[in-house]
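Below, subunit A partners subunit B and then partners subunit C, in two separate complexes.
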Partner chain A sequence: MEIVPQLIVNSIIAGAIYSMVALGFNLIYGTAKFFDLGYGVLTAIGGYAVFYFSSTLGFNIYISIILGVLVAGFVGYLIEKIVYKKLRARKASSMVFMVAALGVMTTLQAIIAILFSSQFQVFPATINTQTFQIFGGVITGVQLIALTLSIVIMFVLVLTLRFTKFGKAIKAVSDDAEVAKMVGINTDGIISKVFFIGSCIAGLAGVLVGFDTGIEPIMGFSLLLKGVIASIIGGVGNIYGGVLGSFLLGFIENFGIWKISGEWKDAISFSVLIVFLLFRPNGILGKKQ
Partner chain B sequence: MDYLIHIAILIGIYSILALSLNLIVGYTGLLSITQAAFYGIGAYATAILLTSFGMNFFLSIIVGMIITGVVSLAIGYVLSKFDGDYFALGSFGFNIIVYSIFLNWQSLTRGPLGIPGISKPSLFGLDFGENIIFLILVIIFALAVYFTSRFITNSSFGRVLKAIREDEKAIEVFGYNTLFFKLTIFAIGAMIASIAGALFASYITYVDPTSFALSESIFILAIIILGGLANNKGVVLGVVCLVILPEALRFVGFPSDIAAQMRQVTYGLILILLMLYRPQGLLGEYKL
Partner chain C sequence: MKKIVGILVIILVVVGGIYFFKNKPTSTKGSGLKVGVILPLTGDLSITGEKLYQGVQLAQAQLEKEGVKFVVEDSHSKPTDAVSAASKLLNVDKVDVIIGTYSPDETIAVAPLALKENKDVFSFSFCSDSFKPLTNVFCGYPNADKQLDTVVPMIQKKGIKTMALVDANSDFGINSRDAMVRKAPSAGYTVVYNELVPNANGDYRTFATKIIASKADSVFVTMDNPVDALTVVKQLRELGFKGTAITFVDVDNKNLEKFGSFGEGTFAPGIAPSQFSSDYTSMYKAKFSGTPDYVSALGYDMTTYVVKAMEENPGKGSKTAVFNYKYKNPAIENFSFLEDRTVVYQLELQMAKNQQYVKAEY
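Right, the complex of A and B next:
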């Protein structure tokens, strides 16, 4: 195992996971127009739902995964219905949304910790234990699946947005919700669906992280931060930008800790964010405002 | 009785913190989620100066305030480039960076082990080791902060801050250098938070990074939003509610681990409910 190929592999894997979170986050930001800081906790909900179905109820692991992803999607949908929809109806400022999202994050994270303890846990069954050698770097089966899924999700999203009626409606809502409403698009319906889809993606990311390392209640928070940072450095609201930013962030982080210790990862990513906000606030692919 | 004094001391320390954040969020309208970082810098400054250099507690407060002031000016300058959501997100980031420094600069902060054995303050032979006397000290500081804050917000300087909050462009047209005002109040708020940190370190006699994580900043934000932005009395009311409420949960009989999580659930729910039904909080004069 050589160091540089391994770092490259690690960067790509990290980038794949971040890109899923960034995709969902971007999708939600695009339509609902606020930083959904509560989004990250849905990864933990996905992970813990799989843990509950497979470990406590003893379901088949693949069925558990599907159920877990759906649970995450459903919780995201409910949060939108209960909280954000009302705030939108009242035309609340984006700061109000952000504080409410902080509340959502804090509450759900603590509820998970109460139900499942705040300890780090692993799934009872694994899906793929093979490991592969690529140019001297080691990659596990789970990581390969994560990488494939993130690419598939990106293409499915891009195709959906471009070629389906639903995708066009999403674009209309993100361009101008008022006008979209005027031409007869059910904006609330579209936003609810977007929350469901985005939350499913978050849940899937959480499940994959669970298989790769393990789950803990606070896992969503750092994933969210990485997703947000990736979205911003790639260009908020731009799907390709989010993916590009994710892989870039993956590389910066993993090569950043090559020479200094691994605990600095979060500090490195935030420094990157602040540098970008200062010098290129619209991100790499972002449009000029 | 000891327990009541303990609660009163906590209320005093959190009042200082909440008042300091209210200057930034409530009066100036800058949604800063990084107050725990400055709280932590103050606490670590006192912890290190007392344990390694045997410095007097009161001198360490001043040194801590100077360090915090310099750091906050640098952070505030960077943050001044952003507005709205991005300001909040950037401030968020600084909290995480400062937290990582507490956790990883092992030679200075001993990392996750924390710094134990911080002595209680003493001045001219007067010892503040007894909790009841320490409480008096905390109350003196809290009152000083309260009146300083009132003085600032009632002064012409404070009126400019409120004007920035309502319409920054308009006040700029009148020739005010808003950057100067925003930076000054950001640094003042940060320095006041560092006093709370020093008191906390000396009271608990131990500091470790977990006390200054992002969740603490969110907690302080929840306090001032509940109590009422831009209303100092409301803020103190918010402190009393949010410090006592989780203690009450402990009495109901939850084990301490669950109680800690229940505290998070409580203030998370409070944030959501306030945003939904009463965004100005109990006594607030400003809505986010």
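Right, the complex of A and C next:
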């Protein structure tokens, strides 16, 4: 095994996972206009739902995956309806939204830990465990699926936003929610649907991480941080930017610790974040405010 | 006005009476000892914390009948929270002794606070080199050097010449790494890769890539959480590592099962007992179902031993008490405290075979 091809593969795998989180996060940020820090916990909800359906109830693993993704979407939808919609109606500040989102994350993490314990869990090894060689690097079946899905989701989102009535309504709400409301768009309905879709993507990311490494209640927080850094690097609210930022972050992290200690991994990521916030706060593809 | 004052007086008398009787010390039979327990019940180390707590709960159920009071606190697997918990136990609950903290980092953080109150800490930590000046600390496991002695004959017999060391950046990881570096000349291997890694990282692929590139015959992994260590091994195997894997962790078949075939052949040096007293085994099965393991048995024995010793030697202080006590029905055979403030231990090299830890064959 050559070290450089393998580091490239490792970077791409990390980028694929980050990009899924960044895609959903950017979609929600672009529409609802706040940093949904509670978004990360939906990855854990997706993962634990699959674990419950497959390991506890004994459902077929593929049915469990579909149900798990839908459960994450439904929980995201409920959070929007119960918490964020009401805060929007009260015209709460973005700080209030952020604190509420943190509260949502902490509460849901605690509930998961109570229901399933804080112990690390692994899914039954029933999906592809084969490994493949790509240009001298090794990639597992699950990682290949994650990579493929991240690309597919990006294209589906782009096509939906460009060519469907629903996508145009999302863009209208994203550009100016008040004007969108005046022209007859049900802005709350659109935001709720966006939360459902974004949360489904988070749930799927959680499921894939579960198959790759395993799940634990606090898994969402670090994934969210990486997704947020990737979004800021690429341009917050920009679909392509989120994906670009994710893969860039994957490469920076993995090559960054090639010659120095791995303890620096997070320090490297956050240093890059600070550099972008200082010198290019709108990210690589973000619009200037 | 008089009526109102009268009503107020009656209310005050009633409320005061309730308060007085509620807080009146109730007569308790037995010693009236108050025991503070600190365990990582949530966070990265909760896998072990929950197991230790199983044993503590079994002991608690018996000892509470004798009038012993327990106050259990969660360290959230963080030394800072362990200090908060210890401060509450010592200053608010006024406990007589502290049982617990698990990670050496937590124990190191808690010990000075307990020493200030002239209290001992009966930790479940391994005997870190950093414990030497902490005269009020007892440990649940012998030091890394003693435990890792069990792996040397295997390394020599297999002719392992190069070793990669991947250790958690924690007191446990650093002590274990240093012990393996010290053993290299006598065991006949050279350390070709040596890196401290973060706990609970999940993605260890880049470390695994660097290890494989170092062309090491064997990899030695120490992480605070056994699952992290097995994750490193899994990711190494996925990338094609064919060498010998050694994980320095609490052996637990449930954790091993989660990794399927990836854990096969992995060696695990250290604490060995898998047979426990019949009383303890049946008590464990009745409450938790499944079979007991060393970690929960350690939780039970440490708690029962310390409390019983203090009950039999009132006013002598916990340190003197434990050295003067003869423990009658331990879960782990011959469980008692040694002069170096650790417990009697049985060491053995184990290995993963058919997703179970068994005595190593090599």
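The rule is short, and it goes like this: the second predicted complex is superposed on the first by the 287 of 289 C-alpha atoms of A that agree within 3 Å, B and C clash if a C-alpha of one lies under 4 Å from a C-alpha of the other, contacts with A are read in each partner's own complex, and residues count from 1 in each chain.
FYI, a contact is a pair of C-beta atoms (placed from the backbone, for glycine too) under 8 Å apart; a residue touches a chain by one contact, two chains touch by 3 or more.
Computed from a prediction, not measured in an experiment: that's the story for all the values here.
Asks: For the combined arrangement obtained by superposing on subunit A, do subunit B and subunit C clash, or do they fit?
Replies: Pair status: clash.
Asks: Please indicate which partner A:K86 is in contact with in the superposed arrangement: first for subunit B, second for subunit C, both, or neither.
Replies: In the superposed model, A:K86 contacts subunit B only, not subunit C.
Asks: Looking at the overlay, does A:N186 come into contact with subunit B only (first), subunit C only (second), both, or neither?
Replies: In the superposed model, A:N186 contacts neither subunit B nor subunit C.
Asks: Contact-wise, after the overlay, does A:L102 reach subunit B, subunit C, both or neither (first, second, both, neither)?
Replies: The first partner, subunit B, only.
Asks: Looking at A:V209 after the superposition, I want to know if it touches subunit B, subunit C, both of them or none. Which is it: first, second, both, neither?
Replies: In the superposed model, A:V209 contacts subunit C only, not subunit B.
Asks: Comparing subunit C with subunit B, which touches more residues belonging to subunit A?
Replies: Greater contact footprint in residues on subunit A: B.
Asks: Give one of first, second, both or neither to describe whether A:N60 is in contact with subunit B, with subunit C, with both, or with none.
Replies: Neither partner.
Asks: Which partner does A:E263 reach: the first (subunit B), the second (subunit C), both, or neither?
Replies: Both subunit B and subunit C are touched by A:E263.
Asks: Can A:P281 be said to touch subunit B (first), subunit C (second), both, or neither?
Replies: A:P281 contacts subunit B only, not subunit C.
Asks: With both complexes overlaid on chain A, does A:N10 touch subunit B (first), subunit C (second), both or neither?
Replies: A:N10 sits against subunit C, while subunit B stays out of touch.
Asks: Answer with first, second, both or neither: which of subunit B and subunit C does A:S118 touch in the superposed model?
Replies: both
Asks: After superposing on chain A, which of these stretches of subunit C ends up overlapping subunit B: 2-10, 56-64, 92-100 or 200-208?
Replies: Clashes with subunit B appear only in stretch 92-100.
Asks: Identify the overlap between the subunit B-contacting and the subunit C-contacting residues of subunit A.
Replies: Correct list for subunit A: 113, 117-118, 261, 263, 266.
Asks: Which of the residues in subunit A end up touching subunit B in this complex?
Replies: 34-35, 83, 86-87, 92-100, 102-111, 113-114, 117-118, 225, 228, 232, 261, 263-264, 266-267, 270-271, 273-274, 277-278, 281
Asks: Can you check the complex and tell me which residues of subunit B touch subunit A?
Replies: 31, 33, 78, 81-82, 84-86, 88-90, 93-94, 96-97, 100-101, 103-104, 215, 218, 221-222, 225, 257-258, 261-265, 267-272, 275-276, 279, 287-288
Asks: Could you list, by residue number, the parts of subunit C that touch subunit A in their complex?
Replies: Touch residues, subunit C against subunit A: 41-43, 46-47, 50, 169, 195-198, 200-203, 205-207, 209-210, 212-213, 225, 227, 231, 235, 238-240, 258-260.
Asks: Give every residue of subunit A touching subunit C within the complex, in rising order.
Replies: My answer: residues 1, 3, 6-7, 10, 13-14, 113, 117-122, 125, 131, 138, 140, 209, 213-214, 216, 218-219, 222, 253-254, 257-258, 261-263, 265-266.
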